[in-house]
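Heads up, there are several structures right after this.
Same chain, two partners: chain A is paired with chain B first, then with chain C.
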Partner chain A sequence: MMRRRKTQGHTPHPPRSEPILSVKDLSVRFNTVDGVVHAVNSISFDLYRGETLGVVGESGSGKSVSMLSLLRLIPEPPGEITSGSAILRSGDESVDLISLSWKQMNRVRGRRVGFVFQDPLSSLNPLISVGKQIREIIERHNIARGSAAKRRSVDLLKQVGISDADNRYHSYPHEFSGGMRQRVMIAIAIACNPELVIADEPTTALDVTIQAQIIDLLMKLKREMGISVIWISHDLGVVAGIADRVMVMYGGTAVETGTAETVYRHPRHPYTVGLLGAIPKLHQDNKRLVNIKGTPPSVYSALRQCPFAPRCPWSFDLCTQQRPPLFALDGNAVSDSRHTSACWYDLEHNTRRTEGAV
Partner chain B sequence: MSAGDFVQVHGLKQYFPVQKGLLVNRTVGYVKAVDGVSFGIPRGETLGLVGESGCGKSTTARSMLRLHEPTEGSVRIGETDVTRLNYRDLRSFRSRMQMIFQDSYSSLNPRHTVEYIVAEPLLIRGERPGANLQNRVQEMLQLVGMNPDHMKRFPHEFSGGQRQRIGIARALVLNPELIVCDEPISALDVAIQAQVVNLLSRLQDELGLTYLFIAHDLSMVRHISHRIAVMYLGKIMEIASYDELFEQPLHPYTQSLMSAVPITDPAIEKSRARIILEGDLPSPVQPPTGCVFSSRCPFATDLCRNSEPKPRDVGTGHSVACHHIDDRVVGPRITASREQIVNGLKDAAHHGPDRSFTYEPTQSNSSARSSFS
Partner chain C sequence: MRIDALDRQDLRRAPQRLARIVLRDKAGLFGLILFVLIVFLALAAPALSPHDPLQQNLRSSRQPPAWHEAGSMEHPLGTDNLGRDMLSRILVGTRVSLTVGFFGVLIASSIGLVFGMTAGYMGGRTDSAIMAVTNLVLSVPYLLLVVVVASVLGRSLLNVILIFGFTNAPLFVRVTRGEVLRIRTSGYVESAISIGASRHHIITRHILPNLIGPILTVATFEMSGMIFYEAGLGFLGLSVPPSIPSWGNMLAAGRQYIQFSPWIATFPGLAIVVTSLSMNLLGDWLRDVLDPRQRRSS
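The block that comes next holds the complex of A and B.
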């Protein structure tokens, strides 16, 4: 079908109330036999109601660990959340996800927060029919029981675009293609009307034409149900198409955040600048791509400097002496459209930064 | 394909029997993994071969190099008809064609040092270990931008991009003329993908190599290919030079692949026209009758479901297999969709990130100064 994706993407962001999720100073490490892995180093971000936050960065930059630790989905031990809070708000009620007991967490996970992973085959139970797996989560969270739960499961299968849902209810995961299994994962994620869905590379394992179907589906459901979404991807193109706001991660830190329009059109962190230059454009003649030399940082040492310093063309002595704080780039430290960069160097004015940290 | 091309593949078919039965295996059908594929590659050029997983790209490459025995068809490389070589001649001929794989983890033996991995093809050919061999390995590592001091290390001590370089060094050590790159960058991060693509382009310029470069989407092949072939369910749908293909994607399947290539500009990506195909890739055991794309093509008619469109040349080496691209009824709809998709992509080319700041690093970090090149 020829169609245009409907979004409110480039309308100016209206002022919003409070964020639905506020993460502050989150740090996660893994205590392994080889030493301490500093996977996430003090990241903070806000997610607003009905918005999609795109989290991008290369492999190992801490995207999955930071988001999964919010739901305590990382193995503990060896994993350990060493600092931070994550306030999930709905109405007047707010809870700090990090300080919840396991029992309380079980009532949030799958109910208020749904998730979709890259590899549906390993998240679905191979021995239980897909319909029963949807029904199980509906019953576990007391959304419906018995035949009502079954009916709801069939409706959900229809809603995620599985034809012949009455019969497909009884199919097992291995009888489905990768794209259909991901549809089932999405049905499970939205089964209990969550406020937030965390999608960790949901389309990375799929072919481009199937990827386009799944993106289309998730964004349609998000619009219809008013869900907020955190979408993790290493693919800047995918994130450009879906995100209202973007967070770029490097070496376990958030190096740049802002609205999608701002970060893509006016990147101001040297890593983002390099990353956007490494992406080929179909109609462009420069045959050589921008090349970020070197390799990703080691995760075995605590961060006392800018993690990008060894690869950064702009680095200077301060960069290796002190970790750069987040600077507000538009002088607008509180607005929800603010643009921040964790960098000592001001690319725009070609000067070193001293003030403006948020 | 023209008579002067270095690589000439004609009517290549690779069928795999589907067997059933507990005691006696009966052949109940065939996976038509490659079903009549033809293309040519001039010496020193790259043909990009693109299509979704399972469409037969790897199988095309493997039967070309006779890692499978082709069911039908002919393959000429240089003066040699590869399909006619006997086993002994095939073995010595193989050093002229090498393959680089997607998964650098499983294609490099974890128990061997980098030195051994790169030298192995020479050792197999009967060369003796010694200073000569070591020099050759060092030379290869330097060529692919790796530090020869790391020769004694093992594959797991390197990143994905570095391991891919080791695979490239190994492929180059026998001085091949043709390299088949089977999704060499699909598993890598974008910044690293760019490093490997730049390296392959440089090596092609320096050594005059001919490449068959396989990928599952169009975004990276654009940067390395002279010509691009789009494959679907064992058949080639469209072949053209890259300029031609990106200006004039005639086949509806090519159009849908182009419209699925993400654009790194939020405003354009969110509003551009795209073709979203329904359903999955059909089984290659029972491909749709007529045009293999007819079960998912938004423009399919009864003609498409009943008769197979033959590839036809539309000028300047651009060949397309579709009944309707220029007929009076459906043709205009296909043309309109093409124009919308191409316009979306062209918009993106004019809207890169701004460069209003100074791009010349002024600071003292000289080692990293040339990093963004």
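The block that comes next holds the complex of A and C.
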């Protein structure tokens, strides 16, 4: 058996382990009065234990909607998950998040998957003390009860770096600064030892010094607790510093995936190239920043072409006729660190592609 | 129930917190004291009244108040055209006003809370249906309704309360629905859903507590309004029957004698003004107190 496998030549690398989250062909649309918005168009990705996946894209690229829909947190209706699966594995047990009932989903939310939102100012109930809000999720998921739950809440406050946690347990959200409130949100997200934390632009509403603290905190907790993280951001710089792998999204599709290193050093999708070109650099002369011409596409029409084609300097006739599939770029299509790009044009060799999709 | 050390500390801090808030707003404090006093007077009216409010004595009719040279301490606020003691009638009249205000608001806010929450939480067709009925009720002129009901069923306290309760419910439905819509899409409800909170938990822990502030505030203003309108109906002879002393009835009776015996109309009028004022001050104060952002701890 072993010998036969080896002789086949293209035997896949044995994966590091099973991914804890496998998303396949996820599509989400919104049925609005103005028409159908195709917010997410069949995206697929895997996430491994302890790994950080950076999801990058501009507003309206579908990065938040795709991740929110994993936990069915988009309003339904008008939202609708039209296809796809999202397998969450832990040990031998695996569940498809997309097919769970609301009740079953409520046992996953907060317990196995934690969520950190963008705006910590509005994410806490103003009428309940921060300590009680942490305690409620602990009791909700039967992690601990009574004074044990309370002790755990105080410990969590300490763990996220809130000093004088015993007294701060009784504080109300309005008595906390934005950064401290985001720390509380993180405490809530990790309160039940989840396998995965989805952070939806957790630092966008904070000022730059606090941003760095929150990023450090989340990464420290991730290492200590072995959590996998999906970090949604429009900030390439932030994601470059923390992500193991990156998924660049545009117009509701994943246009390029790969390790952070590869995507930043060798971008192969025109959109990624454009994004990286638009970052101001300290060591260069103050030239005018290169921007991407045009505006993001309307997502009211189903994708029958490359969403980036109208703005792409390399586009040719095929780009507007057929949507490009993800092409493997490193010849190692099945490795989990594969570099893929959804583009008909091969930037590396300056040739036009017709086949070879993943 | 086990209360550990930290909770006890929290409980100890609560009264001090409340005291600080109460003392900060002088006008609110005044309104609160006035309101408590009025409620006390209404409850203790039979004991405090120097005379039977229905006892007529035509020989001592239209006696001026005590401080007037023709007045006496026998009737501190004078007597009306039938010789009934004004003070006793005003005291007992408090009961009618507060009963109408309290139960009217209770009915209106209960209806409003149930339908407003259903409409706001369920949305869709349920929402449209409830709002359609609400607008229908709003378009019925309540004065006309009172006249019709009073002439068909007779004048009674219960009828007035029921009519006020139902005709004012739309306001509560709208306020509740609006607040529920706001709270339901707020960050904390979204984050509660994201950590697996049940529907029951979201309604009881997040939506209801955050509704109480605005509802109570509207309720106080509405109560003041109902007291006002009850007096107006009484003045028109559409509220409680004349056998029950009410401020509106007294006002109507005093109208004829306003030139020569102005106290007969003045005192019930003053009572209405003071009661309304106290409740409006109280409403403003409640709005501040029930908003946690006002609870500065330092």
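FYI, the second predicted complex is superposed on the first by the 342 of 358 C-alpha atoms of A that agree within 3 Å, B and C clash if a C-alpha of one lies under 4 Å from a C-alpha of the other, contacts with A are read in each partner's own complex, and residues count from 1 in each chain.
What we mean here is this: a residue touches a chain if its C-beta (ideal position, glycine included) is under 8 Å from a C-beta of that chain, and two chains touch if they have at least 3 such contacts.
Note that the structure is a prediction, hence the values are computed from the model and not measured.
Superimposing the complexes on chain A yields a three-chain arrangement in which chain B and chain C fit side by side. In the overlay built on the shared chain, the residue A:243 is in contact with chain B alone; chain C does not reach it. Once the two complexes are laid over each other on the shared chain, residue contacts for A:261 go to chain B alone; chain C is not touched.
Look at A:211: by the touch rule set out above, it reaches chain B but stays clear of chain C.
By the touch criterion stated above, A:80 is placed in contact with neither chain B nor chain C.
Applying the stated contact rule after C-alpha superposition, one finds that A:235 touches chain B and leaves chain C untouched. Touched residues of chain A were counted for both chain B and chain C, and B has more of them. Contact with chain B, but none with chain C, is seen for A:314 once the two complexes are overlaid on the shared chain. After overlaying the two complexes on the shared chain, residue contacts for A:121 are found with chain C alone; chain B is out of touch. Here's the short version: in the overlay, chain B gets within 6 Å of chain C at its closest Cα pair.
Here chain A touches chain B in the complex through residues 1-5, 7, 9-10, 58-59, 177, 179-180, 207-213, 216, 234-238, 240-243, 260-261, 264-268, 273-284, 287-296, 310-317, 345, 347-350, going by the rule given at the top. Interface of chain B with chain A (complex): residues 52-53, 159-162, 189-195, 197-198, 201, 216-220, 222-223, 246, 256-267, 269-278, 280-281, 298, 337, 340, 345-346, 348-349, 351-354, 356-358, 361-365, 368-373. Chain contact summary for the complex, chain A toward chain C: residues 71, 73, 105-111, 114-115, 117, 119, 121-129, 136-137, 140-141, 146-147, 150, 166, 169-172, 174-175, 185, 188-189. Put simply, chain C touches chain A in their complex at residues 2, 4, 6, 9-10, 13, 186-188, 190-198, 201, 205-206, 209-210, 292-293, 295, 297.
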